[in-house]
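Two complexes come next, and they have one chain in common, chain A, joined by chain B in the first and chain C in the second.
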Partner chain A sequence: MPDKVAGRRRRAAFFLALPSLVVFISIGFVPLALVAIWSFWSFDPETYWIKPVWSLASYTALLKNGRAAVLLQTAGLAALTATVSTLLAVPAATVIGLLSGPRRATLLVALFTIPFFTSGLVRAFAWRLVLGREGVINNVLISLGVVHTPVEWLLFSDFAVVLGMVAAHLPLAIVPIVLAFARIEGSVIRASQDLGAGFWTMFSSIVLPLIMPGVVAGFLFVFVVAIGTSMEIQLLGGAGASSIAIMINDVMRVVNFPLAFAIATVVAILLIVVIIVADRALELSRLFEDRGA
Partner chain B sequence: MTLHPIVGDRTNGGRPLFSIITALCLMIMYAPALYLLLASLNPDEQLGLVAPTRYSLNWYVALLDDHRLFRALEESTVVALATAAVATPIGLAAALAYRAMTRMRSIFLLVILSTMLVPGTIEGLGLSVILRLVGLSPSWVTVALGHLLWTLPFAIVVSLIGLSAVRPSTVAAARDLGAGPTRAFVDVTLPLIRGNLVSSFVFAFLLSLNEYARAYYLVGRQNTLPLYMFGAMNSGASPTIYAFSGAVLLVSFAAVALIFVIAARRQSGPPGVSLGAYPTHV
Partner chain C sequence: MTHSGRSNPSSPIRSRLTRRQLVQRAAVGAGALAVGTLRVPRAAQAANEINFWASGTLDIGDDGWKIFANESDVKVDFTDNGNDPGPVVARLAAGNASDIYDVGGLDGGSERELAKRGLIAPWDLTQIPNYASVWEWAKNIPYSTFEGRVYGIPSVINADSMIALRNRVGLVDSYGVIFDRTLRGKTAMEDAWINSVIFTAIYLKNSENAKISEPGDLTADELGLVMEFLIKHKKDGQFRTFWNGWEQGLQLVANQEVWVMTGWEPIVYAARRRGLDCYYAVPKEGYEAWCNNSILLKGAVDRKRSKTAHQLANAFLSGFYGCKLGALRGYAVPTDNNVAYATAHARAFDPAAVKELSEHVKAKFAGKVYWQNTRPANFQLYEEWWQRLRNA
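What follows is the complex of A and B.
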């Protein structure tokens, strides 16, 4: 009997998973796999497409014309964005998970989540009004007499890009930490208090280790998403600013398919490795366990 | 259960410090958008804030003559509705499957996560090449396919959160009273997660409506809204840009805020129904 039930359960699970698997495989995985294979083919100038002549040309081209520099630069900006986001997210998530009652915690989670579903394009664009030569910050600084000419590096700079990306991706850093807080047993905090620990001792020796998986997950989420964005860089970056996504778009504009595929392959493989490692280390699947009967 | 009462008020400066940082976070997330909204009410050609008495909807009225904007909006709405209508049921089915899985769970979650996190430019590029190969010419359908891949992970997560808040004992009770698995699902589980299904639809709709990187590769002759807006933002600053940016912001903020309000209402209502977006217990 139990075998029969388990078998039926497995079959039901399979059929329920089928539509999503079709989407993930046919729209998600297959294109990526083909892109990865085709990145080793050669460009065909006659058809403006590719031909099945195996070559590593696009991977050697990856290292030329400053393309490697763009890859490193994007990774650097993403790492900086993830670091700043994490430093802001830990205190913010602590306010939600440790220092607020249920009502305020819900409100704060809502406030931090809502912008994620609004237009990233508009929110990046809005920074132009704040940071520009005639923006809010420069107007205030000039009227206070702090500076006499507008501060130029506020906009169209790496500063603006990182600020825009932090503001856009902060929810990705906060949410995993909030989920980690929900797993902390009140008794361990009470125990630390009974042993005479003050707030900071309790925070650093009890809370921080317990939320660390969420902190690391949040850092990686922001890093991975920031690697792929182009919006903030295109709207807020300096004249020569580039990123992996912009580079792919530029390469595609001159229909150099194999090179675009090679860049995409390298980045996708790196990111998927990061995600797998994070998943292994942090047991992310535990986030959706049942709350019990 | 929350940790809040245990910690109490003696935080040696921790609470004020952390609260200031939280306020700073909210400020960088909201202040620019708010400023843009107020600046869009400025009737002058020149940018900036004016006194509230001079607020005007001039630039919003001027939007009504922008036919290209409306065609883009129409295209985006069609794409977003189609995407949400497909992503929501598939997401629910996938969430149910996830809960019935044993060993496959972690792999399935990995697939969901990586789909969510692979850059849109790469997904869009790959998909556009495949679609060209199978002979599907770019149109709203191709954009919707790309957006289905983008929104499905979120739809699954929202459904999972809803399902994990349904007490197994409630469903078990229905089964004990003679309901089959389908009957128990339709009569017990489905009403309990209705709020999450609405959230799932709205979130998928909004994520699609605002998506840029995939649409860039998949769009047909008619631009979607973000593509049209991106062009306008980079081609000189006409004040109407601020007006339609403001309109887009307002609509998305209103839609999500509404979802959260409904979710919060439901949370204080029938037992076993949790907040639409995040579990308080995991």
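What follows is the complex of A and C.
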């Protein structure tokens, strides 16, 4: 009898998931698979089109003209952005998820999503006015006598890029951690307090392990978005600063589709590996525990 | 009864929606979405209507096109082509651009390749009487002809150099200032090989005696020399940034983020309006000349719209368009018909200002100029080198 019930539940779950599965396969997996296949085709400069002549030329080209270095730099920059965002998101999410009532929590979440209200271009451009030679920060520093000439590295530098990306993507790190907080039973926290644990002890030994899957999810959200970003890098990075998205755009301009597809395939594989490693090492799947049983 | 129906299992709205209905409605919704994304076929084009696919700077706005239609009997449906020759050529060669548009407008250089591939048709100059009024030297632009036939009608012409802040760098007359080590981190170039490579080549040819024969069409060796020079200076931190687009260019100058940079003349006018003491340098090495040409797309000929397309090309040179474009963007159409039109329509345009713009552009071309070429023979190599510079 229990077997019958479980079977019926599995069938129901399958049929419920079927529409999403079809959508995922048709607009998610199939295009990705085609991109991977076409990355091995050849580009025909005569017709400006791809032809089904199998070749590794695009992958060889990936190692030329500094493209491999840009892949690594972008991954590094995305990892740094994700790390800084996550470090800032944990205390912010703690205030929202642990120390605030429902109304204040809602208000705070809304405040943190303000960066999404404006376009990325405007947001990144605004940083130029803040970080530039004649910008707000330099003017304050000079008027306070802290420096006598404008600080050059505030703008058109990796510092500016990371700052711009963290400001833009921080909510992506906060929300999963807030959701992880929502899964913590109040009785667990009360029990630790009854046993005499102070805030830091309770936080480090009870709360932090419980929200860790949310922390990892937040990190991954920011990492995945940051690795595909070009706006902040183009507007705030140094002369001709490049990124994976800019590199893809460059080769798409000359309709070298196989090379663009090869770059996209490598990035997709990198992201899948990162997610698998995160799941294995940091138990991302705990976010979904006691859901699927 | 609740109006939201949310979390209320007894809601009649919720209870009446069976699974079958839900699936049906979802299917209808998905179908509607799919239909919505399909391209609705264009309504039949009127005989005097032209689909003009050109650089955004050639757009004179709805009001302008309305007057243009009244004066020329050609109704223009304008679409911005992004002004990047790479994707434009690709869309003509492998896309549907020729099925949609009749006339193109893009910076000169791509005509030969497009003509060779049969993607554009030559203009019949007998159908463009105003062509006779085009400034003589503007008729002799290399790249706009192929096998003796004219494929590009010059619609906007200018010559570019550097924008400089007088209080920071004084009066400069050489591109050398862009690479001057004492100005490290305070100079910039455009993030496009189409302009930045030729500026550097002009400098190296004239001031560093580099063996470069045609700065607008570099051989592989010449290109390597120019790009290695740029990469070295990029690595040394010479450039504050490579700028991209009008707003960014203007902001860099207006906020004194850079003190001197290669760029477009209208940036100077806009910066001056913000109270900056900046000027457009007269470089001893010469200007980078450019021309935005009208090209007749093969599709227009196939659709028998060639006559209207010629009417359009003729109307561009008839005076109103030149006056309007000059007033809007400070760009010159290379014909004296502009001055004649402004004189005859002094209430709409200031004849003195129109004449001043014409004379200003003519004066630039009285000196040394090198023509920009958006499609040099080593075009793919240019792209590769520019990516290498970016990634360096």
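We take it that the second predicted complex is superposed on the first by the 238 of 293 C-alpha atoms of A that agree within 3 Å, B and C clash if a C-alpha of one lies under 4 Å from a C-alpha of the other, contacts with A are read in each partner's own complex, and residues count from 1 in each chain.
By our rule, a contact is a pair of C-beta atoms (placed from the backbone, for glycine too) under 8 Å apart; a residue touches a chain by one contact, two chains touch by 3 or more.
Predicted model only: the values in this text are computed from it and were never measured.
By the touch criterion defined above, A:Gly66 reaches chain C but does not reach chain B. In the superposition on chain A, A:Gly196 makes contact with neither chain B nor chain C. In the superposed pair of complexes, A:Pro209 makes contact with neither chain B nor chain C. In the superposition on chain A, A:Pro19 makes contact with both chain B and chain C.
Of the two partners chain B and chain C, it is B that touches the larger number of chain A residues.
When the shared chain is aligned, chain B comes close enough to touch A:Val267, but chain C does not. In the superposed pair of complexes, A:Leu108 makes contact with chain B only, with no contact to chain C. Once the two complexes are overlaid on the shared chain, A:Leu235 sits against chain B and chain C alike.
Of the two partner chains placed by the overlay, neither chain B nor chain C lies in contact with A:Gly145. By the touch criterion stated above, A:Asp250 is placed in contact with chain C alone, chain B being left untouched.
In the superposition on chain A, the residues of chain A touched by chain B in one structure and by chain C in the other are 19, 125, 129, 134, 234-235. Put simply, chain A touches chain B in their complex at residues 9-10, 12-20, 23-24, 27-28, 30-32, 34-35, 38, 88-89, 91-92, 94-95, 97-102, 105-106, 108-115, 117-123, 125-127, 129-130, 134, 136, 139, 163, 166-167, 170, 174-175, 178-179, 181-184, 186, 189-190, 193, 198-200, 202-203, 221, 224-225, 227-231, 234-235, 244-245, 248-249, 252, 257, 260-261, 264, 267-268, 271-272, 275-276, 279, 284-293. Those residues of chain A that touch chain C in the shared complex are 19, 45, 47-49, 65-67, 69-70, 125, 128-129, 132-135, 152, 155-156, 234-235, 238-242, 246-247, 250-251, 253-255.
Here chain C touches chain A in the complex through residues 26, 84, 86-87, 89-90, 93-94, 185, 188, 191, 234, 237-242, 244, 247-248, 251, 255-257, 380, 383-384, 386-392, going by the rule given at the top. Of all residues in chain B, those touching chain A in their complex are 1-4, 6-7, 10-12, 14-15, 17-19, 21-22, 24-26, 28-33, 35-36, 39, 47-48, 89-91, 93-94, 96-98, 100-101, 104-106, 108-115, 117-123, 125-127, 129-130, 145-146, 148-149, 152, 156-157, 160-161, 164-165, 167-169, 181, 203, 206-207, 209-210, 212-213, 216-217, 226, 229-230, 233-234, 241-242, 245, 248-249, 252-253, 255-257, 260, 264, 267, 275, 277-282.
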